[in-house]
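Order as written gives the chain letters A, B, C and D; numbering starts at 1 within each chain.
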Amino acid sequence: MIDKRVSSVAEAVADVFDGATVMIGGFGEAGSPIELIHALIDQGATNLTVVNNNTGSGEVGLAALIKAKRVANMICSYPRTSNSTVFPELYHNKEINLELVPQGTLAERIRAGGSGIPAFYTPTAVGTPLGEGKELRLFKGRNYVLEHGLTADFALIKGQTADQHGNIVYNKTARNFAPIMAMAGKVTISQAAQVVDLGELDPETIITPGIFVQRVVEVRNPALESTLVAAGETYP
Amino acid sequence: MIDKRVSSVAEAVADVFDGATVMIGGFGEAGSPIELIHALIDQGATNLTVVNNNTGSGEVGLAALIKAKRVANMICSYPRTSNSTVFPELYHNKEINLELVPQGTLAERIRAGGSGIPAFYTPTAVGTPLGEGKELRLFKGRNYVLEHGLTADFALIKGQTADQHGNIVYNKTARNFAPIMAMAGKVTISQAAQVVDLGELDPETIITPGIFVQRVVEVRNPALESTLVAAGETYP
Amino acid sequence: MKCKTRDEMAQRLAQDISDGAYVNLGIGIPELVTKYVPNGREFIYHTENGLLGMGPSPEEGKGDHELINAGKRQVTALPGAAYFHHADSFSMIRGGHLDLCVLGALQVASNGDLANWSTGVANAIPAVGGAMDLVAGVKSIYVLTQHCTKNGEPKLVDACTYPLTGCGVVNRIYTDLAVIEVTLKGFQLVELSDGVPYQYVQDRTGAPLLPIKE
Amino acid sequence: MKCKTRDEMAQRLAQDISDGAYVNLGIGIPELVTKYVPNGREFIYHTENGLLGMGPSPEEGKGDHELINAGKRQVTALPGAAYFHHADSFSMIRGGHLDLCVLGALQVASNGDLANWSTGVANAIPAVGGAMDLVAGVKSIYVLTQHCTKNGEPKLVDACTYPLTGCGVVNRIYTDLAVIEVTLKGFQLVELSDGVPYQYVQDRTGAPLLPIKE
């Protein structure tokens, strides 16, 4: 019997190694796998390269991981967020590197990485500072820059409902980067509010087929970043 | 009120012009929009470039369009099918051109075309006759060929259920090329067995968001290619 | 002379959006456009974090923390809405499927260059989000902005001095003073706000402003 | 000497597939693998036209014309199955997410080159389907084939004379006579069918066959 369920978030992230590239789902708090991130803080891996659209807020979740100085490199499109003080401080102290990528290019690079496409051309950022130093090429009279696929050693995502084969459906705009990060992660780990029996998910409506997911862990009432931040919580 | 419904398949394809590139959904008979294809035969547009995985079977649907000599160029991965006699005859008489594309490259080219990606690199076909003459490039020690995005003037697809905004869900493996062709078609026309009121489709389970679809036409009991072929039917 | 308020600017812009348009609204003034959909028209709003058919903010306490817009504010989903992932969302953007994007600006040049993501200050943390993808991919780009900065400097300039978001991408500019089209010949005045003299606008514009065509 | 039947060949190959593997089976002999899943193991079948979790053929009259496999035969979907579109399906393939693909062959060269889509005959209609994507992307490629052609020609050769499907892609070959690994040194015999002498296989192989390692 194929069963990708693991019994705890600690077990789920146990083998994340120092220097690993880790994609973390979420756009703002929607889809942020906070419990997996907190488990990663407990686990201790350091010198990580993290891919996420933002840099977290307050001192929980991704922001807490950054505050704990586990993240050497941050690849994201929008590191500034309201309630984001952790990243700016480390950035100004040169304790964290930033690779700024336009959001659509970031999404496409992740999808390409998961799809075996090493590189592609995009019109985004041509003629801007973020296109500088990149190969330019004309197609039908228009300039495009070459961008490379992005993969990760681990992807941490948050689903709504999963099954033991790793099939996942999401909640509304919490979907965002999760399906493509699942594709790009060598080991994709999903927390889910509910893990159901095989066959309960309708095969027509599964968003992430299980082939992209290696581990599933049930986290019944996942915390919300904004609630924790409003309550002044920090982690650990 | 946005309403993309049109009242007949004839109206749906009325503006297909001579020389147009037309993507047609389906893998074998699954997902083949037969009624739209037959309407296109009636409509008369000729010198078409057609993109489909196959070349149809018997003398209905795509095979009938080819037999009517409306198709100058065929872009597909697998032109040979059981019950496929129309294409071979025209091909041997040099009355139709064939661009043979590996199936995954075909899918990716269509998705790229619909996504504003003019070109990408793929490992598929490197060192084979289908990679010959294509730009080769090394990424991390492996060779890849450059492939170009593919768009179409029209895409004809078959959905299961649609709404007036053009949102679509499909039936099982009839999905195949339809969602990506919908993205790549300047004018995407979907027949659907059922057109429901706005809000009846669950936003979590819509496969093709309406932005990719320009026209929807209800075809309640769509014909199946194999049934027509078995009955010896021809069109017109 | 009656300079337009932010709401009036948004209302004016909304009149130029056609029925059935797929629209992405930037954060800030552009969001006001939703209040002024002309009678008989319907726009479908796209938010790049994965929703088409975005509706207004939910009633207090009735929202979902995971149903948000690109500005990370809670929104609703209208009948006919659809959710999708980020790659599909930017396929819509980059693939030219959206009709219109309305954005704010730091500077717009007379050749259509847009700067709206960074002031280039050495110590600032750069943040771009989806702006570069939007201007590269969406069919029409309308800028909705005050004509001048708070310090009275022109935002419409001969050449942007701030880092660019995109080259030659802006189609129209809606300000408190005027509606201006970006043409091959430069800024083309389309309309002046009530009682605003041409010269008043030209004086506050950092590049030649072609008078309204007769 | 007991040459394996097609079923026995498939059964032998099935023993080398690990539990939980994601597997794509080519049309023909490879499809027989599903009959011989070893006790205690479970494989998940992928069909490139958009289904993961493919089950056996439906009972007569109970199938759906739009639930088919890559060979265009009706199949079923098992609990845990998922449907997806063609680009996603080939992301699975090209992105290295599938563990194994089992294919037939016209020729396999000792460097792992595979020819299985065209005999290169001038007048034939070429048709490639997903074969080139599968061999380029799937982690392991196992060839399941008769050792020789119907005319007794070796299918395992020094260099393919037919048009290639992929270069250096084949990992293992399962024939009626033997199991052979493709190594940097060429064909490495792993196992002989019952009572089949080494020399008998070498005589029917168009390239050197390294004897079984002790």
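Simple rule for what comes next: a residue touches a chain if its C-beta (ideal position, glycine included) is under 8 Å from a C-beta of that chain, and two chains touch if they have at least 3 such contacts.
Here the structure is a predicted model, which means the values were calculated and not measured.
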Inset, instruction - Give the chains in contact with both chain B and chain C, ordered by label. - result: A
Inset, instruction - Work out the mean Cα position per chain and let me know which chain is farthest from chain D. - result: C
Legend entry - Higher-contact pair (C-beta pairs counted), A-D versus A-C: A-C
Legend entry - Chain centre separation (chain A, chain B; CA means) in Å: 34
Legend entry - Inter-chain centre distance, chain A versus chain D - centres from mean C-alpha coordinates, in Å: 36
Legend entry - Whole-Å gap separating chain A and chain C, where each centre is the average of the chain's CA atoms: 29
Legend entry - Rounded Å distance, chain C centre to chain D centre (Cα mean): 55
Legend entry - chain D: positions in contact with at least two other chains: 51, 77, 83-84, 87, 90, 93-94, 136-137
Legend entry - For chain B, residues that touch 2 or more chains besides their own: 108, 111, 115-117, 122-123, 170, 172, 204
Legend entry - Arrangement of touching chains [line / ring / star / complete / other]: other
Inset, instruction - Kindly provide every pair of chains that touch. - result: A-B, A-C, A-D, B-C, B-D
Legend entry - Residues of chain B that touch chain C when the two form their complex: 1-2, 111, 113-117, 163-165, 167, 183, 198-199, 201, 203-204, 206, 209-212
Legend entry - chain B-touching residues of chain C, taken from the complex the two chains share: 19-20, 22, 42, 44, 46, 51-53, 77, 79-84, 87-88, 90-98, 136-137
Legend entry - List of chain B residues in touch with chain A within their complex: 108, 112, 115-123, 137, 139-140, 142, 144, 148, 169-170, 172, 202, 204-205
Legend entry - chain B-touching residues of chain D, taken from the complex the two chains share: 47-51, 64-68, 72, 77, 83-87, 89-90, 93-94, 118, 123, 125-133, 136-137, 163-167
Legend entry - Contact set on chain B toward chain D in their complex: 27-31, 77-82, 87-88, 91-92, 98, 100-108, 110-111, 122-130, 170-180, 207, 224, 226-227
